[in-house]
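Before I ask anything, here is the structure I am working with.
Read from first to last, the chains carry the letters A, B, C, D and E; within each, the first residue is number 1.
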Amino acid sequence: MAVTYALASEAVFASAAVLILAGAVAVITVKNPVHAAISLITTLFGVAVAFVAQSADFLAAVQIIVYAGAIVVLFLFVIMFLGVDRTRVVSLEPLIGQRALAAVGVAITVAGLVALMWRSHWVTGAPSVSGHPLASGAGNVHQLGTAVFTTYLFAFEATAALLVIAVVGAVLLARREPSEEGSPS
Amino acid sequence: MGHLATLIVLLPLVGALALWLLGGRVSERLVGSVATTAVAASFAATVAVTLSLLHDRHREITVHLFNWIPVGPLHVPAALLVDPLSVTMCLFVTGISALIHLYSTAYMHGERDYRKFFIYLNLFVFSMLVLVLANNLVLTFVGWEGVGVCSYWLVSFYFERPAAASAGKKAFLYNRVGDVGLLLAMFLIFSRTHTLTYLNVFHRAGTLSPTVATLAVLALLLGATGKSAQIPLFNWLPDAMEGPTPVSALIHAATMVTAGVYLLVRMSPVLAMSPDGRATIALIGAATAFVAATIATAQRDIKKVLAFSTVSQIGYMVLAVGVGAYAAAIFLMVAHAFYKALLFLGAGSVIHSLGGEQDLGRMGALARYLPLTYPTFVVAWLAISGVPPFAGFFAKGDVLTEVYRHNRILWALAVLTAVLTAYYMSRLFVLTFRGRERFREVTHGHDPHESPWVMTVPLVVLAVLAAVGGVLNLPWAHANSLAGFLTPTFGYVTPVAAASSLTAWGLAVVDVAAAIIGVVAAYSIWRDRSASVRYESPFLARVWHWDDGYDAVIGRPLTRAARVANDVVEPRIIDGAVTGVAVSLRRSAEGLRKAQSGFARQYALAMVLGLSVVVVYLVARVG
Amino acid sequence: MHSSAYLAVLIVAPLVGAGLALGLRRREGRSYQVAVATAAIETVLSIVVAVLYNPHVKGAATIDFATRHVLSAPLGLAYDVALDGVSLLLVVLTSLVLLLALVGARERRREASFVTWMLLLTSFTMASFLSHDVLEFFIFFELTLVPSYFIVAQWGGAERARAALKFFVYTFAGSSSLLVGTLYLGFLHQHETGGALTFSYSALAHTPMTHGVALWLFAAFAVAFAVKSPLWPLHTWSPLTYAEAPTGGSIELSALLAKLGSYGLLRFAVGLFPLALADARPVVMTLAVVAILYGSLVACATPDLKRLIAFSSLAQMGFITLGVVSGSQIAAVGAVLLMFNHGVITVGFFLLVGFIERRRATYQIADLAGLQGPAPVLAALFTLVMMASIGLPGLSGFVSEYLILIGTFATHVWWAAVATLGVAAAAAYLLWSYQRVFHGPSRGDNGDFADATTAERWVLVPVVVLIVALGVFPRPVLEKITPSVHQLIEHVAPAGVNK
Amino acid sequence: MSLASIDPLYHHGVTGVVLLIVLVRVVVGFAVLMGSVTLMIWFERKAISDMQSRIGPQRWGPFGILQTLADGIKLFFKEDLIPAEANRFVFKLAPYLSLVPALVTFSIVPVGGTLTIAGHPVMLQIANPPVGILVMLAMSGISVYGVMLAGWASGSKYPLLSSVRASAQMISYEAALGITIVTVILVTGSLSTHNIVTSQADGIWHWNVIRLGVVPFVVFWMAITAELNRPPFDVVEAESELVGGFNTEYSSLRFALFYLAEFMNTITMSAIIVTLFFGGPAGWVPPVSHLRWVFPIIWFVAKTVFFCWCFIWFRAALPRFRYDQVMDLGWKRLIPLSLGWMLVVAGFLIKPAWGLVMAAVVLMASVALATAFERGVAREGGPRSVLAPVGRRPLPGEVLRASSDEVEQ
Amino acid sequence: MNVPAAWYLVLAALLFAVGAYGLLTRRSALIMFMCLELMLNAVNLTFVTFSRTLSDIAGQASVFFVMVVAAAEVTVGLGIVVSVFRRRSSTSVDDLTELKG
């Protein structure tokens, strides 16, 4: 039973990893933005699976609702509205050395980060001092809610304000100027 | 507060305020009488105070009015010190002022700013009294500056004349330079004695080290030279003759210019601590007396002659102070006030009669036309020349006697000056009242007319005083001589040993001889001349090129420096440095600008590369 | 201990007035009336506060009306106001200057926004003077920049844009060092005492620090204040800005905002870093003396009346600086008094020059001559203000200048001695320009120059009264400010250098 | 690991039997759903026919009950057309993106109580995830893609417009939907559908529709109708405007899949309404000893069928909204209403007094907002819609300034 | 759940790398935004992983906030893209060099 069990969790990880990486690579390689968006959804699903596998159930749900349900939809909206869904030439790189340098820089950074984590035995902080072991399932939602509405209340309110500001800003940005239609107000 | 002395000070102020509040539409008559009455009442109060002081055993009354500047250890009260010295000063200040006020009511008749003139005059008297009666240096300084600013206003009274405006400014500025000296003296004294009240300063004067005392005395001297027109700050006084003549009489002859001498006399306990300082004072005094006298011999303007004469006479007083003869200095001051006021008023009368002419070359033979002015002028002339028995003889004699005892060289110089004094005064007298008539051109053929009674009455009164003023200080004539009266004030000073009577007589003879030599010389030269290059050397007429020297050494370089500062230093160097920083920043920014290619992805790449450097560093640090 | 509500009202009233003035901008002249009414109320209130102020609140403390509310503990932000002898006069000056500037230099172009800026400026300045918290002071100190920038930039003369920019950049650059210094000091205090982050003046005044740190912090503070004052050689914004600003703006800038610099220097730079004084004092004093002489020198040659007043202010601020850093109690009292007196005198100057400009549309000395003939009252008023500036005893300027010099002389002979020359220099340039403007025959258009109107005379009445009153009877004021200054100087120089 | 807290089935660990039970549950669940979809299509056609006084399908099977099957077979054999302009991959993908969410959503619906099979307690629902109701929200978010990509991938204008409309509408109503669900969660204290249902088991007065006041239910119902793009919110396939909706270019099996998904969604959403507001399987159980477990299922089916019928009824009875009215209703009416109601509910949950206070506040705020909005509309003088047509409409008799200016120049 | 945390961390690092590389090499603003989302997700994944290993809910709370911020960022970012596209008819960031020094 234990074997089955371990195998299951590793299988979950493997499928999540495949989803994530395949999606991510597709995002940066496909030519069509709509395909890229679809690939992005794949990655997001993979991340949601990884969340569930790590007993962050609520976050997984939110990941789907917010990311897949709203953000990527927004991307698709914009793509469709703007009509930028035609295929573009991606092989040409106008900035000299951009790709090579990018590859080198990213590789060094990520390798360095992994090395750092490895040096620190994949732990970067002290275990929780609050004494409440992380719950899963319904308890997870409860715990997260308690944390967000007590410890991080200020941040919560700030992000709420940020959202409102973002919405107002986006409306203002995307609104057509009245002058464009020739009727000054 | 309730003391009568308060009234002395306040009455002129009240007069000035009353005149101000009366407004511009009142008659000249009212204005004149208010102003004159205020000063006359002040004089009356002074007399009363003097009488009361004579019955006071300590001869020293302090009247506390209010606390003016109390800051921590510095306490400056507004308080009056009534002692023999200050009342003596007050007596002649108020007395002569009253006379001059009276005289001015007629002299200034019809002037545009008639009321303003009397406001200034009253304010001046007020300031002078504050100066004299103050019980501390700061309050003295109030009066000191007050008389300065009143003098500024009065000298530039005819402000539409550029010369008058410049003269007023010059007077104020020269005074101001002197004030720096007085301020420094105050600071120095305060920093050592922690007080500025005279009596306390005197008590603690003994603790001053000789160096500090000398520095303080020199600073005081600088202040005195400014106010009293001594070398090196004497040349504002002749220019100040641009003011109305009564002003010259009041301020630039009788009262204000003596303030320096008064200050030195007042600070005699400090002077006592510094023989070097006193020697300097004596030297300055003698030199001024002599230089001014030489210059006076060559002046063509009647008032200029009198102005230099004033400078010279005050030089005597300073000389007296320098040799420690404070009583003699005060005596000369009083006597000088009488006859110099008289001279100026007489000159004013002359000028008045000639419709404003001041050039000696256009006068002559006025004796006939000015029946009252002439005799009074004669008295004054004889008095200043040192002819007995007029006041000048005794006063100057006292000084010379004291100087003789102190320093023979200075004495010789003083006697020489006495000769010159007699000479230039006689010259003035001769050119004005004797000789040929040269004024017809000015008066358009009319005869000059004598002044109205309000102008001549003061002349007569002053003539009497000038004639008999000498008795003030004749020890054998009465018990309460001036020197005796003043003694308590100088009680802190070691008295000078009395000279033998033989020497005294000898010196008197020398004085008389000097006077006679001067008078005779002048008569012989100027009886039938009105101008002479030989006897009026341009060097002397140009005041030893003193003004030119100042202009070349101080005036022009400073002006040039100011211009350079304004045109070059300010915009180019100081502002230029700032602009330079800005410009260099802009240059470097223009260089750096090229790094901003506008390609967002390049910026992102830069970020990533930077991040990788950080990460590499961290990895290297960890292991 | 009086209620701190007074101070809150002092800060808030102009804000309310500004709001009202802005709200009534559509109504012709109404916002001006509101502004003047606000200014009048503010003035009365500030005088009431000044009269109520009690320098002996309890024990050794000399602050009154104090209150402190921590707004944000982690940020160290607090509303902390108090009044003491050092700020007392400046509070009165703030409201008075506003009133006089509004009444005497009415700006009819876009009046509502002008008065709004003026009221805002007053509120910020008031708050700066009342702040007993370094960070709070800094915030308001910076805020004053905004209204003054707009006043200069919108209502100024031909070169207003350049002047405003220069003014802004200068002062802002200066202030940046103040911010750094403030934050460093706050964190240093937190680090040293281990408590919460606070910028309370009373707390920071007792921050233990090394000599070197004190020196650096002093420099950081002093630079900001030196720019604002202005102190030589950081003054070059001031002649341009004063000359280009509208009369009201010049008044606010020179009479008031400059005081923010010297006030800050005394209370914060000197008050917080006594350790640095020994080393910094000769430098600052030398600069002050240079400012006195240099300002006077340039003033002699400048052809523009407003620039002349600017350089005269430079010299006067030199005196103030001298008194502030001298470490002598007498001199410090004199400096505090001179801040007020110079404010009043400068208001008088700028108003009078403004009156002249109203008639002749020029500030150039060369265009003017012989004004005393046609305009005797104006000349008399100018003379009075000028004499006060020269330091004529019996007028207000003397008392303060005298205290500064005599106090400084006791501690630093040579600087005081040289500075005393400035007394003579002031007379030189002022009298010379007076002669050129008012004396002599009135040439050209100057002949029909109109004398001061009744309204203009009334505006100057407070100036004249203050000049004379504080010259003749400064005792009540001195008694109010001396204890605070004494305390400050005792804190700075406990050794008892103050004589 | 606390799988047991989710489902008592896992109490004794995951064994072969358990896995088998789970498998059976899944298969049975989806089979039943598929079957009910065919019934649903038939039911709809039949009900509509009745309301319109027509006869409807009648040939295949009794009452034409097999008509849907026949249609399916027809579609299966039709030619599979892919337009030339279409984006092939996405075009093929889209129908599945529509179908899968519908299927998944149903998995969280509890259709009955708990059964004991072979010693294992078996809940009569396919899955009971701890974040239960969120799964429904997530799936309704995902279902947007099917519509959207289908329209886009067709490479044709009308389907694209239709899909944009549809997705905008779905996203808009998702907000109101989410907020009303929050009221349910508030009163239940759990996200799990199982718990939501059990908390309503104590009688009709504990049903959420009553407990929460009727408003959340009404809002939810309207929002869900819009989510489903069903009449009267079927602007997506407004035949007279947009040909046939986002799936115009689809044919054959792909079309069938869309159809399937649509009806499956209708059933699922009816079931969700029942679960959230009507106690799910709760209902009177007769006092019999055996087959007690059947009664909850019957109750559940009955309630669900009722709501399915309601959807059909709406289609027959209500006129279609205009597009801007749809948006207006969603943003300006339902969202504020549900928000305000949520606050009131939250208040009452703390203390009745708070509830009243909250109600007063909400009332005042809404009045203020409404007034301000009216004023704004009056001042702008423009159309009364947020998504206004571009530009200002000229009033009758008004000459457009811009054009006249140009003439003058 | 005994998949080691290291696996997830490395997975996240790879995801991050892919996102970063895409950000640097793709020119379309839209794709760049997507790459940003990839990077954010990578970070979220590490957060959750650390939250698990350290048994601290703070990590998950952070993820929550990151999501909100990401939503706001995309909203504004896409608004900008739209308004830029209206004027420039392009979403390529290489065409936007107005801020060139």
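General observations
Here, a residue touches a chain if its C-beta (ideal position, glycine included) is under 8 Å from a C-beta of that chain, and two chains touch if they have at least 3 such contacts.
Note that this is a predicted model, so its numbers are computed, not measured.
Chains that touch both chain A and chain E are the following: B. Steps from chain A to chain C, minimised over paths through touching chains, total 2. Ranking B-C and A-D by contacting C-beta pairs places B-C first. Note: the chain lying farthest from chain D is B, by mean C-alpha position. Here the chain at the heart of the shown protein, by mean C-alpha position, is C.
Spacing of chain B relative to chain C, judged by their CA centroids, is 36 angstrom. Per-chain CA centroids place chain B at a distance of 107 Å from chain D. Rounded to whole angstrom, the centroid-to-centroid distance between chain A and chain D, based on C-alpha atoms, equals 27 Å. Centres computed as Cα averages put chain B at a distance of 88 Å from chain E. Looking at chain E, one finds that residues 1, 20, 24-25, 27, 94 touch two or more other chains. In chain C, no residue touches at least two other chains. Residue positions of chain B touching 2 or more other chains: 599, 601, 605, 608. The list of touching chain pairs reads A-B, A-D, A-E, B-C, B-E. Listing the residues of chain B that touch chain C in their complex gives 66-74, 113, 138, 141-142, 144-146, 149, 152, 156, 159-162, 165-166, 168-169, 172-173, 176-177, 179-180, 183-184, 186-188, 190-191, 194, 558-559, 561-563, 565-567, 569-570, 574-575, 577-578, 582. On the side of chain A, the complex with chain E involves touching residues 6, 9-10, 12-13, 16-17, 20-21, 24-25, 27-28, 33, 36-37, 40, 43-44, 47, 50-51, 53-56, 58-59, 62-63, 66-67, 70-71, 74-75, 78-79, 81-82, 84, 88, 90, 93-95, 98-99, 102-103, 105-107, 109-110, 113-114, 117-118, 122-128, 130, 132-134, 140, 143-144, 146-148, 151-152, 155-156, 159, 162-163, 165-167, 169-174, 176. Contacts from chain C toward chain B in the complex involve residues 169-170, 232-233, 235-236, 239, 294, 297-298, 300-302, 329-330, 333-334, 370, 372-373, 376, 387, 392-394, 398-399, 402-403, 405-407, 409-410, 413, 416-417, 420-421, 423-424, 427-428, 431-432, 435, 438-442, 473-475, 478-479, 482, 486, 498-499. Listing the residues of chain E that touch chain A in their complex gives 1-11, 13-22, 24-28, 30-31, 33-35, 37-38, 41, 44-45, 48-58, 60-61, 63-65, 67-76, 78-83, 85-86, 91, 94.
Across the complex, chain D meets chain A through its residues 1-2, 5-6, 13-15, 87, 89-90, 93, 129-131, 134-135, 137-138, 140-142, 144-145, 148-149, 152-153, 160, 164, 167-168, 171, 174, 190-192, 390-392, 401-402.
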